[in-house]
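One chain, subunit A, links the two complexes that follow: it is found with subunit B in the first and with subunit C in the second.
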Partner chain A sequence: MALISVALGRLAQAFLLLLAMSLVGFLGIHSVGNPVFNIVNIETATPEDIRNATIALGLDQPIWHQYGVFISNVVRGNFGTSYIYHMPAFALVISKLPATLELACVAMLIAAPVGVGLGLLAGRQSGTVFDRIVLRSSVFALSIPSFWLSMMLILAGAILTGWFPSGGRGATASFLGQEWSVLTRNGFWHLFLPALALAIPNIALIARLSRSGTIEVENLDFTRFCRAKGLSPRRILLRHTLPNISMPIVTIIGLQFGGMLAFAVVVESIFAWPGVGKLLIDSIQLLDRPVVMATLTFISVTFVALNAFVDLFHAVLDPRVRLSS
Partner chain B sequence: MTCETATPPLLQVRNLSLRHLSASGPITILQNVSFELGRGEIVGIIGESGAGKSTLGNAVLGLLAPEFQRTSGSIELDGRPIDPMGGDGDAIWGRRISAIFQDHTASLDPLMSVGAQVQETILAIDASVPRQEARARAVALLARVGIPQPERRYGNYPHQFSGGQRQRAVIAIALAGSPDIIIADEPTSALDATVQKQILKLLRTLVDDTGISIVLVTHDMGVVSEITDRVLVMRKGRVVEQDRTAVILDAPANNYTRSLLAAVPRLRLSATAGKGQANGNASISTNVGEGNTMLLVAKSVSKTFVRQGFVWNSSRNKAIFALRDVSIKLPRGTITGIVGESGSGKTTLGRIIAGLDRAPAGSVTIDGTQFDVSKNGRRSGLLSRVQMIFQDPAVSLNPRMSVGETLRESIRFGASLHPKEGPADAATMMDRLGLARSLIDRHPHQLSGGQKQRICIARALLAKPQIIIADEPTSALDVSVQAEIIQLLKDSITTQHMTMVFISHDLAVVQQLCSSLYIFKDGQVEDFGSSDFVFSQSKNPYTRALIDARPSRFTC
Partner chain C sequence: MESLPPQWGNCTQKTKKEGTFIMRSTKPFRSCLLSMLLIVVMSWNIFPGAARAQDELRIATSYKLMTLDPHYANLNENTSLLSHIYERLVYQDEKLDLKPGLAVSWRATSETQWQFKLRENVRFHDGSPFTADDVVYTIERIRDFVKSPNGGFRSYVSGIKSVSAPDPLTVVIETSGPVPNLPLSFSSIFVMHRPGQGFQTTQELNAGHAPVGTGPYRFESWSSGEMLKLKRNNDYWGDKPDWPEVTFRVIESPAARVAALTTGDVDIADAIPARDVASLKQRGAKIASVGAARINFIQFDVERETLPGVTDKSGVEIANPFKNPLVRRALAMATDRGVLVDKILAGYGTAAAQVFPNGLPGTSANLTPEAPNYEEAKALLAEAGFPEGFHVVLAGPAGRYPGDGESLQAIAQSWARIGVAVQPATSPFSVFNTRRAAGDYALWYGGTSGETVDVILHALLASPDPEGGSGALNFGHYRNQAFDQMLAKAQSIEEGLERNNALAEATDFVMADQPIIPLYHFHHIVGYGARVAAYAMHPRGWTTAMQTLPVTE
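Up next, the complex of A and B:
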């Protein structure tokens, strides 16, 4: 009963969020400029051509009318056709999804265990040399710009050593009707450097969060009590400290994962990785409104879904949340 | 006496000195502390804050922070020295020495079921025990410490237990490795009086039945008088006196011990002669003149807490009554006590009268003016009439404001309400409350707990309220300071012709201070009347239970 009302509430929230996002996105693109000039050839087009193109795209209508048409189309599952690629906008986004998804997943699979591990160890022995190294290098990792980090990784991992390729997706294998790099050895090799570039700042973030959480929890009475009752330090760390620090970490992992799906533009560009982030930036530049709106909708839905997962995880982990009713 | 040479005592602390290495140089925490603990014995360590009693407990446990350093002495278990820094921990923790801490909520992992926490302790001590048997033993332990239906409660989480049950579970965990010694650091200070009595009884039974020994660290003479065999009185890192409990209580040799004992508030159960007003509930109004005698009347105040659903409120929320149709009256110029255990709604009512909390139903009338308690204090105007003194002075002063700034803020507020009278004077107020004028430039962290609470009292008085609400103003303070603060409150109220609500869980303090009192239970007024009437004649079973929960030693 409670679960249904929770789910319904969440859906209503998500719906409102999507509506607000679509309005902001729509007006934003509209205020940037007129897409017609990216579509017709400005050198040769006559005013007549431009007017015809404007009418064909429906851009002669007032903006609220255009928005109404857009919404009614979306309700019917149609995000429109890309002005540039002349293919359905949503299908375009979906075709870029595997590349982004596999990149974000591999990056987080590296970042989460390494970050949590470093944070736990540093927090357990705060003030030691190891702790200071983790702290200092995390500041460094968080503050270097990702384009520089990506280029250094290419320099070290590809150009100087030749261990990894410097860009592209490499060989792919087909799965669920989409092409995936992660399924082939060559593809995974191509995936590693960009994933590492995305993972490094997240390792730092997660490590810092785990470290401060560990210090806080280790100072609580129950960790002292665990020691006094005879538990081994290892068991205290893994069975008591880790679950107790995991709430904020899971929240951050959820948010960062969403961020990587949508905004990994810099890394995707440098490694020539054809993902959703790159598609979004290109489409904004070309004022390809159907694609921009389809991408933004996809990103919003992803964030809502990730947040729901995080809440679900909290409920699974914390009996105080789970058993509140 | 004769057998002492044959077998060494279970635990012997010899000439132990410890210091704390802080940034400003080493500070001596313990100086030449010696004591012995025999099998089946409870030794109490009593002292005020800063006496080093908890540090001593931690040293025996081997749980000292690395900033501590031993400068002399030794701790011996069965004649063999052990490391106060925890170097021998693996062989000792849980198996030979275990612990019970003050805060039962913080002692348990909130994410693990209580049964599993007992079970994991059994397995940590002896990994060869099969899991099923460990579980059975855990259930038996929970039953042993008096948790009803242990088999059913095994899978429950700490937040589903009451405070007393949590502390029982902690005791079960401490017993899981069959240790010889339990270090109990303020094991009952966070519990209500009636529960405290039960837990102390449980500890005494465990000692008598199993021959385990307990070192009981406490600030409370009442606890010491209830269950200990011997007592160490500590002050500033030294043992000032140690002897059998009866000797310490009846014939203390040391002046400090005597002053500690004298500072313990005592409950009188016989009506005091002379006042002659112990004639029942009606007596509340007898000591005041005719006419407009009641300064404050709170009528039918109710407040419910809605239990929040997960993320989104579910359609049918359970309402929990914090207050149910509560009415109280405050006669002008008197101190009225509100007594109750945790969760009784006493603090909630105080906050509603002060305008800090809103109540959906009820009314508050002060001096004939009715206030709307469903609005916040500023909008309803309550804030200008009522000031509050909180329990913990350490967190109720703004740490970034100096004493002078805090007091001046209050003076400005008072002056804005009473423009004709002219502003109050901070320096005069400080003199009256026994605060040196030189403290005016200090910040809260440079003050002692007692000084901070005096500042809080000054702050409340300087705003020129008609009513002061004091919510447990002495329970975060040492007994000796507590007595001073109570005297100070009493004097301030009488000289300034104010009216006060004194919220407390301590019957003896309420008796000292209040002319009448209300006893709250589960959000309702359970009993009320003049102090004399309630303590000496009330037949209310809950009132009697509260009185009986007090250590009999300090009741006369």
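Up next, the complex of A and C:
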């Protein structure tokens, strides 16, 4: 019963969030500029072309009316047709999803183990040279802008050494009706540098988080008890410390993963990786309202789902959460 | 990577002092991490780089192919790539002269009737023969069927009353009035194949039923806004296409295009920023460039009595100074185009004095870019009643055209020398257009292109007339009756020397009044790698495999 009411509450919250987001997004993109100038060829269009295009897109209607039409279409599952690509907007977003998904997954698969591992080791040996190196380089990795990091990775990994391609998705293989780079060797080779560019700041973030957690837990009574009992240090670290520091790490991994799906704009642009983030920023620049709205909706739903998933996962990890509910 | 082992050494030394307990604990992790490192290092040698098909031409393009419907949008983004698959009746060569394409000859049989003779033995990619009926279908599809919000190509066929095919290789077109440059319209229209009954919809074409054209390359696969794969059409009527396979990759970020060319991921990259040319050359890439058949300029609002942002030196609003031709002339004189093309465009631009680069058909030989003359400009300004100068806000888009934002800064510095204080204001292109249309600007930086000189003159400088369609880009509402008449007369003459001379004369006449300040014609810059022997540039700026000559061994 309690579970159902919690779930319903969550759902209502999510619904309100989506509504608020759609209104903000709609008004925001509307106030940036008039999309009609991107739809006609502004260098040749006559005033009549512009008038026809305005009417064809319904932009001559008052804004509240346009919003009403938009919402009623969305309820029926229709986000409209992209002004620029002439394709259904939501299908367009979904078609860019595999690229983003595989990039974010690989990046997180690099970032989470490496970050946690570094953090555990550094926390365990706090004050040592290794700890200081991890700490300092994590500050560095967190503070460098991602465009610079991407450029340096291209410079080092592609231009100077020639080990990796400089951009694009490479060869893809079909799976579940979508094209995936990660399934081919050439595609994976293309994936590596952008995934690394996304992973490095996250390694730093996760490492810092798990380091401070480790230091905290290492001083607790149960750890001392474990030591006194003669458990091997490795077992203490992996079986006792790691689960105890994992709550904030799982939360941050969830949030960062959502962020990678939605806002890996810079990395996707520089590596010419055709993902959702790049689609969003292109569409904002071209004022392609249906695509912007479809992308924002998709991102909001993803974040809501990820958060719910993280909460569920907390219950799995922490017996206290299970018991309290 | 190389600095890692010593660090590890340090760390174990330190831990030794703290007790054997911790040292032992790190050992399994250290060996684990080291072996991971080893695997990574080794795998660099195991895996090869990107596998490359020997005969495949790989092009990184800034032109984002958005639809496979060749009649949906009249944008270079689409037409540049679709020109591999579809062909036109008529071509413009690199001098912008008309050349036979799918039509071998054409002539006006009367004032309002044109006859096109079509090429024999041309086949579509599906094997069916190309006939006059396909031309009829194409025109009807554009005129009656495709309802794209941006108008598509409808304006090119709006003058056509009827079209008929008296025999399979002849098309007869009746126009509602005289259209002396009708053949030029067909240099923009891609010919599709009649699919039997009805018309093909845009959705059908986008869904990837292979688009069927007559062009030198066949459609293989595409992904909207990402890539296009083509295969050689072995039955092509013209010279056999050079490349068995062509892959276009859409890379919008200029830095990423340059990187892809540098690393050899692609053979050709278009729209190279001028500042990257030197480093590309250093790394062994070759560069081709040509002055674009287009113009970037400063346009004045000459209609309204007062203008936003135009004040005297004490900040008091003044009457519109740009109504006075002397002021426009003074500002043109005080514009240093040398700085724009040499410094900002790094030499990859041509100073402009008219709408097309000098030498192209319809340009005037009398108009050449002038060096700045600040003394005379100041005198002209004083004569016009502004000895102290005035304040203006100069608006423009940022990141739309090569050198757009920087040009505004340079112009502001030049004009300051004659007492005109300029505040440059740049915004993203879509915001700029919205605000310009809302009348927020007094003068602004603009750009336009067209098939021919008269197309640009008609849109940019002819008096605005929504009915007649002239002055579509004359956002400053410049009106000059005498020029309108000269232009109309020139446009009524059939293609040829006489028409070009009349256009040049009209240009001379209107530029004396300085309705705009022509700034520069930027260059299209293409970089290419070792597998390409030469790339033939075209002033219209499309990027195609047909212009690419392979290295022969």
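In this section, the second predicted complex is superposed on the first by the 322 of 325 C-alpha atoms of A that agree within 3 Å, B and C clash if a C-alpha of one lies under 4 Å from a C-alpha of the other, contacts with A are read in each partner's own complex, and residues count from 1 in each chain.
The rule is simple: a residue touches a chain if its C-beta (ideal position, glycine included) is under 8 Å from a C-beta of that chain, and two chains touch if they have at least 3 such contacts.
The structure displayed is predicted, hence computed values, not measured ones.
Novice: Put subunit B and subunit C onto subunit A via the superposition and say whether they clash or fit.
Specialist: Taken together on subunit A, subunit C would fit alongside subunit B, as the superposition shows.
Novice: Once the two complexes are aligned on chain A, which partner has more residues of subunit A within touching range, subunit B or subunit C?
Specialist: C
Novice: Counting only touches as set out at the top, which of subunit B and subunit C does A:P319 meet: first, second, both, neither?
Specialist: first
Novice: Touch test for A:D311: subunit B only (first), subunit C only (second), both, or neither?
Specialist: So A:D311 only meets subunit B here.
Novice: In the superposed arrangement, which partner chain does A:P35 touch: subunit B (first), subunit C (second), both, or neither?
Specialist: second
Novice: Taking the superposition on A as described, I'd like to know which of subunit B and subunit C A:K229 touches: first, second, both or neither.
Specialist: Touch partner of A:K229: subunit B, not subunit C.
Novice: Given the touch rule stated above, what does A:G9 touch, subunit B (first), subunit C (second), both, or neither?
Specialist: The first partner, subunit B, only.
Novice: With the two structures laid over each other on chain A, which partner does A:S72 touch: subunit B (first), subunit C (second), both, or neither?
Specialist: Touch status of A:S72: no partner.
Novice: Rounded to whole Å, what minimum CA distance do you find between subunit B and subunit C in the overlaid structures?
Specialist: Value for subunit B versus subunit C, nearest C-alpha atoms: 7 Å.
Novice: I'd like to check the shared interface: which positions of subunit A are touched by both subunit B and subunit C across the two complexes?
Specialist: In subunit A, positions 232 sit in both the subunit B and subunit C interfaces.
Novice: Contact residues on subunit A for subunit C in the complex?
Specialist: 32-35, 37-49, 52-53, 56-57, 83-87, 92, 95, 117, 121, 124-125, 128-130, 133, 151, 154, 158-159, 162-171, 179, 185-186, 189-190, 232-234, 237, 269-272, 274, 282, 285-287
Novice: Which part of subunit A faces subunit B closely enough to touch in the complex?
Specialist: So the residues of subunit A in touch with subunit B come to 1-2, 5-6, 8-10, 220-222, 224-232, 235, 239-240, 243-244, 311, 315, 317-325.
Novice: Where on subunit C is subunit A touching in the complex?
Specialist: Touch residues, subunit C against subunit A: 7-8, 10-11, 14-15, 18, 21-22, 24-26, 28-29, 33, 44, 47, 49-51, 66-67, 69, 72-75, 147-151, 155, 202, 206, 223-226, 249-253, 255-256, 259-260, 262-265, 428-431, 433-435, 437, 447-450, 455, 459, 464, 466, 469, 472-473.
Novice: In the complex of these two chains, what residues of subunit B are touching subunit A?
Specialist: 61, 63, 86, 89-90, 93-95, 97-99, 101-103, 106-113, 120-121, 124-125, 157, 159-160, 170, 173-174, 176-177, 183, 307-312, 314-315
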